[in-house]
Amino acid sequence: MSAARAQFDEAGRLRHLLTLEAMPPRLILELLDTAAALAAATGGKVKKLPLLRGRTVVNLFFEPSTRTRTSFELAASRLSAEVVNFDVAQSSTTKGETVLDTLRTLEAMHCDLFVVRHRENGTPEYLARHAGPGVAIVNAGDGNHAHPTQGLLDAYTIRHHKGPEFGRLRVAIVGDIAHSRVARSAIHVLTALGVGELRVCGPAALLPRDLGPAIAVSSDLDAILDGVDVVMMLRLQRERMRETEVPDAADYHARYGLDRRRLALARPDAIVMHPGPMNRGVEIASEVADGPQSVILDQVSNGLVVRMAVMARLVGAGNVAG
Amino acid sequence: MSAARAQFDEAGRLRHLLTLEAMPPRLILELLDTAAALAAATGGKVKKLPLLRGRTVVNLFFEPSTRTRTSFELAASRLSAEVVNFDVAQSSTTKGETVLDTLRTLEAMHCDLFVVRHRENGTPEYLARHAGPGVAIVNAGDGNHAHPTQGLLDAYTIRHHKGPEFGRLRVAIVGDIAHSRVARSAIHVLTALGVGELRVCGPAALLPRDLGPAIAVSSDLDAILDGVDVVMMLRLQRERMRETEVPDAADYHARYGLDRRRLALARPDAIVMHPGPMNRGVEIASEVADGPQSVILDQVSNGLVVRMAVMARLVGAGNVAG
Amino acid sequence: MSAARAQFDEAGRLRHLLTLEAMPPRLILELLDTAAALAAATGGKVKKLPLLRGRTVVNLFFEPSTRTRTSFELAASRLSAEVVNFDVAQSSTTKGETVLDTLRTLEAMHCDLFVVRHRENGTPEYLARHAGPGVAIVNAGDGNHAHPTQGLLDAYTIRHHKGPEFGRLRVAIVGDIAHSRVARSAIHVLTALGVGELRVCGPAALLPRDLGPAIAVSSDLDAILDGVDVVMMLRLQRERMRETEVPDAADYHARYGLDRRRLALARPDAIVMHPGPMNRGVEIASEVADGPQSVILDQVSNGLVVRMAVMARLVGAGNVAG
């Protein structure tokens, strides 16, 4: 809960985006509405908007992720911000500088917004607590804790395809729940928006124990998929597992992979989501990933406008003056 | 030939640039003329032109090449495009994502043109066949297959120095022909433009067997250079050879290196070309590389305007509407 | 002294910035005044100025340094220059291209200003001697020779806090003097500006022998700090030392680390400087680094406007025409 509080200023306004845990539903909907307005304003073809003119956005990635970094980079530059990619792999942190000194150094260069990815839970919150006045932190993924822009783009995508009445929807999240900040942020945002039913599925060893009574948990994928409106498949993050935990890919696919047969258990108009990058043939079969029910590439497009909305909210002309 | 076909749309218009094989001479000349017009318009000092305003160009390099990437980056930004360097070495492909998923992801972020370099022959063609509507692929070098913008800048440089009548010219290409996409693209473009005589020279082990009867092939460099107007030296690409193939550098220079004595066998006004980066003292002596007949740095400058011409053709305002 | 001469053209105008050795005080003050004017013009919030519009700046870093590269990148883009980061680690130099060929290639792409960092003394001077007309080189640190923009920002910071009368000031430089281009450039600029007293302190093995009679040298830190107005702490650059030279961190801190007790030996209004990145607990205690006398983050901010001033001087509209 501490990150949930740290992202608001004393007047209760959003100053950083660290987590979707305990995020007021009204605020989530405002961000989704702003993203939708940006999508409409730019009409498919994204044009430059002047909302972040004169601002500098730093991609501060302590874990490599070209695809997420590129999404933030394009979102920022389409808002007319200056963007700097601060590649920490070859930076002074390897010379012993602390994370906080890196932040303060870049603040001293008049950078306004930091997009932070780090393998340790809580680093973005730590930086947010120490950020100078007017400086905003966006969590682009910390450990297995949170990935709030992913949660927002997931909610945006579901609303776009299934309409605004989340109370009518059944959503299944499938895969490596325990290691997944994507799953955590999805659970937070869907709960906040009052999703009708939330089900979680994965190997017993990859299921967390503390999800509470409102969420159905099972290792039986066929049962989980029965009648759902949305199937969110997670990436099997072999790079985050200890060696003894890594399941055999074929074995995993047989038990937890989404193929056409299994998808038929969901509602006929169910949508299929995946945060990418996909392990085809492991958590998802290509016939589903590329099939008519897949909205996986919509998620990527929606990620752009959602990130633009978040950045405009945090450091856009209308907000910082406050 | 399949790449040659894949680069045109159904109406016969150039949609991608994959190879110069079977490229209509009229189209080659149009691209060279556009490049010359851009060079004139920008008058030495390159000014920004608005031809790609609102477009996003991605440098999608699966093989590192800072110099070629920089040439494309500068060309794109001088056309007012947004440029993203997608460094695949640290991207999701290392997490198992397919090349095609990488393309589709970036397309979903509304990227318009992809500059692709890959060590495997055919990757740019493969991506072109799967690219979405309005998306263009430029081959920036695939394996030993093709490097079409290099071929175009070579043709541009020869025309600039020797005039438009290619039928009068004798051109020698010297070096590691078998591993060289530069040589292949040069042969294609010079053949299309009706070069008077084309000669190829290199160690027997580095000569291809399938060049056809119109091209003279020899391992005797002195004989090859006799009376030529253009000498194109190739880089000895030790990084592409198997260990047993790599020739000794001094030995190679003695037999296939271009020095002042050998250059004197060519016409007195012959020009010397090299695609860079040079191995000085191996394929070319410094006295020649830096001598009055060298046009090697002209090639670099011409590469900029040629790449601008290609990008303007593929996604510039006038074309995409069609 | 050769770098000192190489940076001026025949008319005595600054064409490159290679060293502060023998730099005329008038010129140093002009650069500091320009930086101060830029700071005032941009009023804290840095706005874009058009001084380098149409120019291309290349960050040519043969040694990784994300923080210094970022400072130059932001300075250049706030002057409206195009900026290219030429990451030499993955460039053609690994394929055997010479440094000079890399420069000439980028010049041929119409790049105007090169920010060069290299581990060998003299590389920026070497490039400056061979640069084409209208092309400027800025030394961003070469070996243990010079780091002139650091020296300028240090002088700027001291003048800002202590006023323009350098003759009244006592300055101590503490640490790994022998390996430090920061120390050398600081000594040059402070000597040029007529500093009242300059003292240097460090372990005997890390002290140079050739500083001349005007500079007090000692290994007794307490004695050195007595009554000084400015304390410049240097980074212990373990990455530049041979293994046998590296001191034990705790031991080093005990003898040469600046903590609150020692700082009390200086004047009560003394300022504490450090070029970053800091080894907290080694050369500087956190209580001092983050204390009220620290101007370390001011140095970072001042670095931006100083680098803007240098680039505007070298290739800005008013200069290149000449």
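In this document, chain identifiers A, B and C correspond to the written order of the chains, with residue numbering beginning at 1 in each.
The rule is short, and it goes like this: contacts are C-beta pairs under 8 Å (C-beta built on N, C-alpha and C of every residue); 3 or more make two chains touch, one makes a residue touch a chain.
Everything quoted here is computed from the prediction, not taken from an experiment.
Counting only chains that touch, the fewest steps needed to get from chain A to chain C is 1.
Between chain A and chain B, the superposing rotation on Cα atoms measures out at 120°, rounded to the nearest 5. Rounded to a whole number, the gap between the C-alpha centres of chain B and chain C is 41 angstrom.
Looking at chain C, one finds that none of its residues touch two or more other chains. Listing the residues of chain B that touch chain C in their complex gives 44-48, 64-67, 70-71, 73-74, 77-78, 89, 239, 276-280, 297-298, 300-301, 303-304.
If you check the complex, the residues on chain B that touch chain A are 54, 56, 82, 84, 86-88, 90-92, 95-98, 101-102, 104-111.
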